[in-house]
Amino acid sequence: MIKVYLDHQSSTPVLPQVYEAMLPWFSEYYGNASALHEQGLRARAALNQSRKQFSEAIHSPDPESILFTSCGTEANNLAVKGTAYALQHKGKHIILSTAEHPSVENSVAFLERQGFTATRVSVNSEGFINPEDIRAAITPETILIATHYANHDIGTIQPVAQIGEIAREHKIQFFVDAAFSAGWLPINVQEMNASLLSLSPHRFYGPKGVGVLYKNRKARLSSIIHGGIQENNFRSGTENIPAIVGGGLAMELAENERETRVSRLRVLQEKLWKGLSEQISYICLNGPVPGENRHPANLNVSTEFIEGEGQLLLCNAAGIAVASGSSCVSKNLKSSLTLTVIGLDITLAQGNIIFTLGKDNTFEEIDYVVSSFAKIVERLRQMSPMWEAFQKGNISSVIPGNPK
Amino acid sequence: MRFFHTENIMAEEYNPYNPIVMDHFLNPRNMGDLEDADGIGEVGAAACGDIMKISLKISDDGKISDARFKTFGCGSAIASSSMATELVKGKTIEEALKVTNKNVVDALGGLPPVKIHCSVLAEEAIKAALDDYIKRHPEKAALVAANNHKA
Amino acid sequence: MIKVYLDHQSSTPVLPQVYEAMLPWFSEYYGNASALHEQGLRARAALNQSRKQFSEAIHSPDPESILFTSCGTEANNLAVKGTAYALQHKGKHIILSTAEHPSVENSVAFLERQGFTATRVSVNSEGFINPEDIRAAITPETILIATHYANHDIGTIQPVAQIGEIAREHKIQFFVDAAFSAGWLPINVQEMNASLLSLSPHRFYGPKGVGVLYKNRKARLSSIIHGGIQENNFRSGTENIPAIVGGGLAMELAENERETRVSRLRVLQEKLWKGLSEQISYICLNGPVPGENRHPANLNVSTEFIEGEGQLLLCNAAGIAVASGSSCVSKNLKSSLTLTVIGLDITLAQGNIIFTLGKDNTFEEIDYVVSSFAKIVERLRQMSPMWEAFQKGNISSVIPGNPK
Amino acid sequence: MRFFHTENIMAEEYNPYNPIVMDHFLNPRNMGDLEDADGIGEVGAAACGDIMKISLKISDDGKISDARFKTFGCGSAIASSSMATELVKGKTIEEALKVTNKNVVDALGGLPPVKIHCSVLAEEAIKAALDDYIKRHPEKAALVAANNHKA
C-alpha cells in the first residue's frame, strides 16, 4: 500500500548516517559527560564535537554558545523564562508576536502570572510581523523581544534581521525561535543579531530528545532546570549523548544539503498547491504564496464546508500522513492560534489541513496526494450539511475573493 | 473508496477510535437526506466544530421507518450520527425519544472523553428531528410533553 | 587492557534487549505522538505501553499516573516546582532534607528566591533522616515534603514509608526522589504513600534522554515546561519515543531481575569494602555499613592524606572508572553536599571516592580494583606533604575510631 | 606503574588535561624532599583542596641547583608543581622570583580555566621557598625586596 508522509513539521525520520552515528553511544560508550574517566571524557568530547557542528551551521562565534536541552519546547522555555529571570531587575516587559508557537506564548503567559508584562504585536493576514510594530512596543522596561523565524502553522518567514536590528539599537535581548526553520532556512545568528536562537533536530532528520539553544556570550540567561552544573550551569541534568551526537550530524548534513533539499521542496510545494487548487473547489491557501517568504516545506490549506479531523482520518486511511490546526484534532479542542490571529474565518480554521513536505517526497506522491485528497474532500462534502446548504444557495463561501 | 486500506485502519492500537467507531466513520450508515422527510433536526454550529442534521421518515403508526444524517464534524461526530440513525430506525417516537447519548456511546463501544460531546449532539439532533415532526403533527405533542416531563 | 566500570551511578550501558527495542523508533517509526496518523498513533501506543511498564514496576494504581520528562533532574524540578506553583495559594513552605540531590536542593533554593520558604531537616552521620524531624518541621503552611529514597553519594536508604505516613496524616503532598533507587530497590508508591516519585532509566540499563515522574491522581501539579499539551498537559515538548520505549523495557527487566541482580551486588559490595579496608590504611567508609540500609551498588570511601581527583585520574589510567565527591573533581569546585552534611572532616571529603557497582561486575574485577587502588593510594601518599607530616607525627588522623 | 596504559591516557580528547599536563601528572619530575634543603615553602590548605611543598637546594652563587615538590591536590596541582620545579632548576634566585603562574601554565601548554589556581599555588610555593631561603640568609634580602617592589 502507498504511504506518503507529509507531516515533516511534526517529526522526521532519522537519517541512516545519523542513526549509524548514534548507535555506539547506547551500549558501548555510555559514560556520563560529567564523569572524570575514559567513558565520561569520551562523552564530553562527543558533546563538544556536536557543539561545533551546530555552531558552524548557524554561524555562531564559538561552540561554547551552544547549549543542549531536551527539545525545541524546552529551548524556547529556557530562552524566554531564562531571560526574564536573569533580567528582571532591569525590567519586566516582553515583546512577542501573536503568532508564536505555544512554547513561547505559554512561557510568556506563565511569566505574566508571575508579574511580568507582555505586548503581543499583531501579524497581518499572511502572518507577517511588521518590525515597526515591535519598535513601537518597546518601553524602558523591555528586556526581551521574542519572535519566530518561520511560523510552524503557515510557514511565514519573518523579517528577523530587521527585528534584530531594532533590538540591537535598543540594546534589548533578542530571541529567535528557529525550531521550524533550522535545517531548511539559512541561519546566521550574527547577521540576525540574535542573542538567543532555538533549534529542534528532529525536524531536520535528527533524533528526538535533543533541542538546542544558541546563547550569545553577552546574553544574560538564568537556568530553569536546576541541579548539577551541566551545560555551563545553564541546563542541569544528564546530557542525552546519543541524541546530541545524532543532532549535530543531522545539522551538519542539513546545512551541507540545504540548497539541494530546498530547491527540490520548492518544486514539490508549488506542484502540490497547483494540484490541490486545480482539483478542489473552495479551497484556500493560508499564509504567504509559495516563494521566498514561505517555508519551502509547508503548505497550509483550508477546504470549505468540511472539518479537519475527518480529512485527517481519511488521509490516514489512504496512507497519507498530514496534520491539521482544527480544534477537533487538538487534544485541548482549540484551533491553532495562528489561524485565529491571521483572522481566518472560523469555519475555514475548522477545515484546516497542514502538509509539510520532506526531502524524500516524490512527484508521484504529490500526484497521489492530490487525487486522493480531492476524493476525500468530495466524500466529506457529500456528508456535510453545510455543503448542502451552500449548494442550495442558503449560505455562501467565506473564502475571500472566492475562487471558481 | 478503494484507497482506504483496512489493515491500517483496523489495527485498534493505531487508531484514535475503536474499530466500531472507525467502521461507522469509514462506512457510515444512513448517510444522506430523505425526500419528504417527516421530521428534520439540525443542531450544532460550524464554529464549534460540528453540525448534525438528521432526517426521519415516520409512518402513521408512529414508527420511524427510515433515518438519514448529514454531519459536518470530526470522525466521532460522523460515527455518532451514523450510530444514532441506526438506533432509532424501527423505533416508535416514544422509544426514540428515550435514546440518550450514553446509548450512542455504548453502541459505539466507547468514545474518547474529549469526544463525548459528539454523542450528545447526536442525541440532540434526534430530539430536534422528532420535535420538528411533532411541530408538524401537533396531535402527537402529548408524547413529547410526556418525555420532556420525565427529563 | 583491563577496563572496570564502577561508576554505574553516573550512567549505565543500555542493555542489548533495550537497545534492540529502541532501534525501530528512529528511522522506521518516527512519528510524533501528538499526530493523528499511523506514524503518530503508533508512537502514542508506544508511549502507553511504556507507561504500563513503569506503572507496574512501581505499583502505581494506573498507567496514566506516569509522566515522561527528559531526565531525573527534570522530573525532580517538575515535582518540586510543580507542587509549589500548584499549591502556593495554600501555603509556601517546603520540607526537605539537607542531603538531597542538587536537582531537589537547587529547585527549592530557586523557589526560595521566589518567596517560598523551606526547612531542611538534618541527616545523621550516616545520612539518615529522622522521620520525627520531618513531623516537627510541619507548619500549617507546608505544601510539600521532599526526600530521596537512596542517597546518590553514600547510598543511605531512607525510611520513606514512615515519612509517607507522616505526610498522609498531615495531608501534605509527598515527593520521593527515587532516581538512584529505581531498578535496584523495591518501589511501591502506594505503600510509600508517595504523591510523586521520580525515576531515571539510564541508571538501570535504560537510555539517557528520559526521566519519569509518577504523579498520583490526587496530587496537584503545575507544568514547568510550557507549550503544547503533551503528557496530559503536565510536560510540553515532543516526546522522545525511542528513549521512552527503551526506558519502559529497562524498567520491566530491572524489576524482573532485581532480586538476582541485587543479591549479587551485595556480595560484590562486601568483597570490595573488605578488600579495600584490609589493603589500605587510613581509609573510611562513608554512609551506612553494607546491608539492608545501604544501596547495594554504592560504596563511598575516603582515603586520608590524599585528594580525590588524582585518585580518579590514576584509576582511569589503570582502566578503572570511578567517581568522587571531592571539590577538585566538580566543575564548581565544591565538595559533594552530602559529605558536608554528614559532618565528614573536610580533608576526608577531599579524599573521597565513590564506587558504584553494576550487575556485570565480576569477582576478578573487584580483586583488580582493590590491588590497583591500593597502589594508587600508596603512590599519591608518597607525593603528599600531609602523609609526610602524618608519618612524622606532626598531624594525626581524623578518621573517627582511627583504624589500624 | 605498569597498569597505567598510555594509549588511554594520551588520547588528548579523552583527557581533562592536555598531554603535557598528563605527562607531568603521571610522571612527575622532582617529586620528593631534599635532605638539607636551603629553602622550603609550603602553601595552601587541605580544606581548599591543595597543599604544595617545594624544597630548594641553592648553591652559594645563588643558583637553584635542585628542586623537589610534594603535593596534596588534583592532577593539575601535581603537574603544576612538577613543572614549577623544572622551571626554577638552574635559575638564579632573581630569575626564579620572576617565574609566574603564567609561565607554569604556558610551559604546561595550558590548564582548564577552573584549574588556573593550581598554577598560582605553584608560583606561591616557589616564592615561599625562596622567602624561606632569604629568611635563613638575610644577606640576600635585597633581592626579594627588589622583586616585591616590582610586584
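Chains: A, B, C and D, in written order; residue numbering restarts at 1 for each.
Here is the rule we use: a residue touches a chain if its C-beta (ideal position, glycine included) is under 8 Å from a C-beta of that chain, and two chains touch if they have at least 3 such contacts.
Model, not experiment: these values are computed from the prediction.
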Chain pair with the higher count of C-beta pairs in contact (B-C, C-D): C-D
Distance between chain centroids, defined by C-alpha means - subunit C, subunit D (Å): 39
Distance between chain centroids, defined by C-alpha means - subunit B, subunit D (Å): 89
Where subunit A and subunit C are represented by their mean Cα positions, the distance between them in whole Å: 35
Approximate Å spacing (C-alpha centroids) for the pair subunit B, subunit C: 55
Numbers and ranges of subunit A residues touching at least 2 other chains: 36, 38, 309, 313, 316, 319, 329, 331
Per-residue multi-chain contacts in subunit B, two or more chains: 8, 16
Overall pattern in which the protein chains touch one another (line/ring/star/complete/other): other
Pairs of chains, among all present, that meet the touch criterion: A-B, A-C, A-D, B-C, C-D
Interfacial residue positions of subunit D with respect to subunit C in the complex: 1, 3-5, 7-9, 16, 25-26, 28, 31, 33, 42, 46-47, 49-53, 70-75, 77-78, 114
Subunit A residues within the subunit B interface of the complex: 1-2, 305-310, 313-314, 316-319, 326-329, 331, 333, 346-347, 350, 372, 375-376, 379, 382-388
Sites on subunit A touched by subunit D in the complex: 36, 38, 41-42, 45
Subunit A-facing residues of subunit D, complex: 8, 13-16
Subunit A contact footprint on subunit C (complex, rising order): 3, 5, 7, 10-16, 19, 22, 26-28, 30-32, 34-40, 69-74, 76-77, 101-103, 106-107, 109-110, 114, 200, 202, 207-211, 224-229, 233, 236-243, 309, 312-313, 315-316, 319-324, 329-332
